[in-house]
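The block underneath contains the structure these notes are about, expressed in structure tokens.
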Amino acid sequence: MKNKRAQSLEDAVKIVKDGATVLIGGFGPPGVPEILIDGICDNKIKNLTIVTNNAGTDRSGVARLMDEGCVSKLICTFPWAKESFVFKELYDAGKLQLEIVPQGTLAERMRTAGAGLGGFLTPTAVGTDLAEGKQIHKVNGTDYILELPLRGDVALIKALKADKRGNLIYNKSARNFNPIMAMAADQTIVEVSEEVEIDELDPEVIITPSVFVDSYFVTGHYEVGKGSKQT
Amino acid sequence: MKNKRAQSLEDAVKIVKDGATVLIGGFGPPGVPEILIDGICDNKIKNLTIVTNNAGTDRSGVARLMDEGCVSKLICTFPWAKESFVFKELYDAGKLQLEIVPQGTLAERMRTAGAGLGGFLTPTAVGTDLAEGKQIHKVNGTDYILELPLRGDVALIKALKADKRGNLIYNKSARNFNPIMAMAADQTIVEVSEEVEIDELDPEVIITPSVFVDSYFVTGHYEVGKGSKQT
Amino acid sequence: MTDRKYLLTREQIAACVAKDLEDGWLVNLGIGMPTLIPSYIPSDYDIMFHSENGVVGMGPPPLPGEEELDLISAGKGLVTLIPGGAYVNHIDSFAIARGGRLDCAVLGAFQVAANGDLCNWRLPQQKSGSVGGAMDIAAGAKRVYVMMTHTTREGDSKIISERTYPLTAGGVVSKVYTDMAIISVEANELILEAVAPGITPEDVQSATGAHLNIENSQEIKLNL
Amino acid sequence: MTDRKYLLTREQIAACVAKDLEDGWLVNLGIGMPTLIPSYIPSDYDIMFHSENGVVGMGPPPLPGEEELDLISAGKGLVTLIPGGAYVNHIDSFAIARGGRLDCAVLGAFQVAANGDLCNWRLPQQKSGSVGGAMDIAAGAKRVYVMMTHTTREGDSKIISERTYPLTAGGVVSKVYTDMAIISVEANELILEAVAPGITPEDVQSATGAHLNIENSQEIKLNL
């Protein structure tokens, strides 16, 4: 059996190269693979296109990645939040490209890529600025936007546990985009707190089957993003 | 809290009316809600369009439904199997319309309906007889077929357990189409062997959340389809 | 401008919305003002709250000592899960939102037009906005209720004949709850359903940038 | 027609395919002949089998007394789950199949054309066919290997210049394993890789309805 466990953080993130499109899990702090992100920062990777829901919290996680100059473009749903001040500084200074995608459409575009489909028709955003330049198709008298697949070179995701084959389970609302992104990239790297034996995860409760996981890095402890609030 | 538990089999299936489009879970015998189907047979419902993977096994389940003259059209993926002799008799006698859909496309068409989308582009069946009459769209130089949503008036599905809110878990490969069909119909009726208290299913392992379940009928025992083979 | 002392508080508006949510509904609450609603739901009602980040059956904030940092709302505050709730991934969460499973979504807004157009994701002077799940939820919910102040801080009406702000979803709003009134959006007109105590239907009309049918308006009954 | 005593058995063909499956692959096996393959995989290899009905990590048939009626293969026989296997729904199962996660699919066929066209779901004289997951799997797998007899019972070649049967997926087959030979489908030609013992490359060419490049063909080494 292939050993998917990365021997070091450096080892885990070394396939992330300059210019890559990187899907990063999380919604707010839960589910953001902050340790993997730190590894990329340490490698001084440049010119990444990052696909993730938020634009970072405080100066950690995705915010750190931008702060250290690793990111040239951000594809996200909700960039303007108080805690995303690093993004705001860079965007206002013209140092970051931004593409806003509705949240359901963002998730569906990645799933479409993962499922080998060519696109989908959605009622979301019809008639809005976010439909500009997109094809409209009428089905049974209703207008839909044709949305195209969004694939990553790499997905960085966070899970609660991995078994030694690479099957994953998640924790509460930290699940969010992670299982979808796992399907939608050429290489999926997972940050997990714990590795368990191959029989310890019930096959009925596995959320991400091992076939979507290329490697995982075991942190030894589960930590929610440093930006988590208690309110 | 709404009580979704049907008080009788008759009560469970009474919303299935003549002429309805009915999604029926299962792949081979596992996951076929045979008891709900028996209830529909007993009600002498006519003219149903049935969407299900197989064309019935022996004379039970979907085969019984056809045998009793309840079905006018079958949408499925794999009708020609030895055990589907009831279907063959009726089809050869011109008593049944048939629409063949590739299996991944069938699943995806139902999910598309459940997800409120208008269609999807698939590479499956491009250039084949099953693409006849369908629109072709080119995306990045590749041809895809535009497939449209497939929605049921009713979904009849089978699960292992329901909690009192209607959350579901399944058993092994009896999961198959059931969670997808649960999302894709105006009314979803579930056949379950056991009802458990509202706290007994871990929220991390629920496969179908209660919001997709309209009612469930508790059989008191879990039985795989009568057509199951031991080989 | 109307005397501010007669305007409803945010809590009073929330209570008005809560009164119109029906037992058994699945409801999505937008960030901001709508998050006040759960406190005003009758305790014998079973209303489930959906949070776009994959929480089906979102409960109130945790008690001290019971915080779970991985369980948050769309607004990123810590929450709980009710008994019988479930976690889903983003695809299934938006299948719920887009697929017509939400009986109601209560959202904030910058503008609502007489035809039900909703504008709540970007101000015209901004280079960009934060759409989040608003466009999906607004397009997919069975009913979209809006909860907002009746006018901007500058006194401009947020309810107008035709929208001037960037669109979130077209023709989706069916009811608007403001600090002055409750207004239904019908196919051909805006109906003034009820007005805050101390405010007249004419006051509401004059603070509104679209024609209102004020014939049958009631006074809002406040219990708080 | 070739002397039948030199034709490979179904088991021998299965052993030939098994030899070409690589350690670590995720493989989908079609119903019929391909289900013989797992017995010939080296025991120290980790090859996972995917079954379209939502089984990731399908294992061999159960031991007597350990049958689970709810755990079946695509061919509807009872199977088991290997340690570290998982159950998924039909959407995720076909995301695996269509999304390029299958390193290889081994399918039966009625015809394979020189350009890699696969025909395996319906005979031309039939009013209808049983497609199952074949079109999705054939369109999505990284490699499609075909396992079949070289000719029909009537002696017609199943490998031909241009298909005459209804198409399953266009240009997808990369390798064909028959009871006479192993043939690779390259961009511009069919390459005869190996022939069964006792059969000559010329025998294979004469039983084949398309031109073969027979220059470098080997003899198949059989261990059984």
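Think of it as A, B, C and D in the order they're written, each chain with its own count starting at 1.
Here is the rule we go by: a contact is a pair of C-beta atoms (placed from the backbone, for glycine too) under 8 Å apart; a residue touches a chain by one contact, two chains touch by 3 or more.
Everything numeric in this text was worked out from a predicted model, so none of it was measured.
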Intersection of contact partners for chain C and chain D: A, B
Pair in A-C, A-D or B-C that repeats B-D, with over half of contact pairs matching by residue number: A-C
Chain centre separation in whole Å, for chain D relative to chain A (CA means): 36
Distance from chain C to chain A - Cα centre to Cα centre, in angstrom: 29
Gap in Å, rounded to a whole number, between the CA centres of chain B and chain A: 33
Residues of chain C touching at least two other chains: 81, 87-88, 91, 94, 97-98, 139-140
Per-residue multi-chain contacts in chain B, two or more chains: 108, 111, 115-117, 122-123, 170-172, 204
Pairs of chains in contact (touch as defined earlier), listed by label: A-B, A-C, A-D, B-C, B-D
Chain B contact footprint on chain C (complex, rising order): 24, 26, 46, 48, 50, 56-57, 81, 83-88, 91-92, 94-101, 139-140
Residues of chain A touching chain D in the complex: 1-2, 111, 113-117, 163-165, 167, 183, 198-199, 203-204, 206, 209-212
Touching residues on chain A, where the partner in the complex is chain B: 108, 112, 115-123, 137, 139, 142, 144, 146, 148, 169-172, 202, 204-205
Residues of chain A defined as touching chain C within the complex: 27-31, 77-81, 91, 98, 100-105, 107-108, 111, 122-130, 170-180, 207, 224, 228-231
Interface residues, chain D side, partner chain B - complex: 51-55, 61, 67-72, 76-78, 81, 87-91, 93-94, 97-98, 122, 126, 128-136, 139-140, 166-170
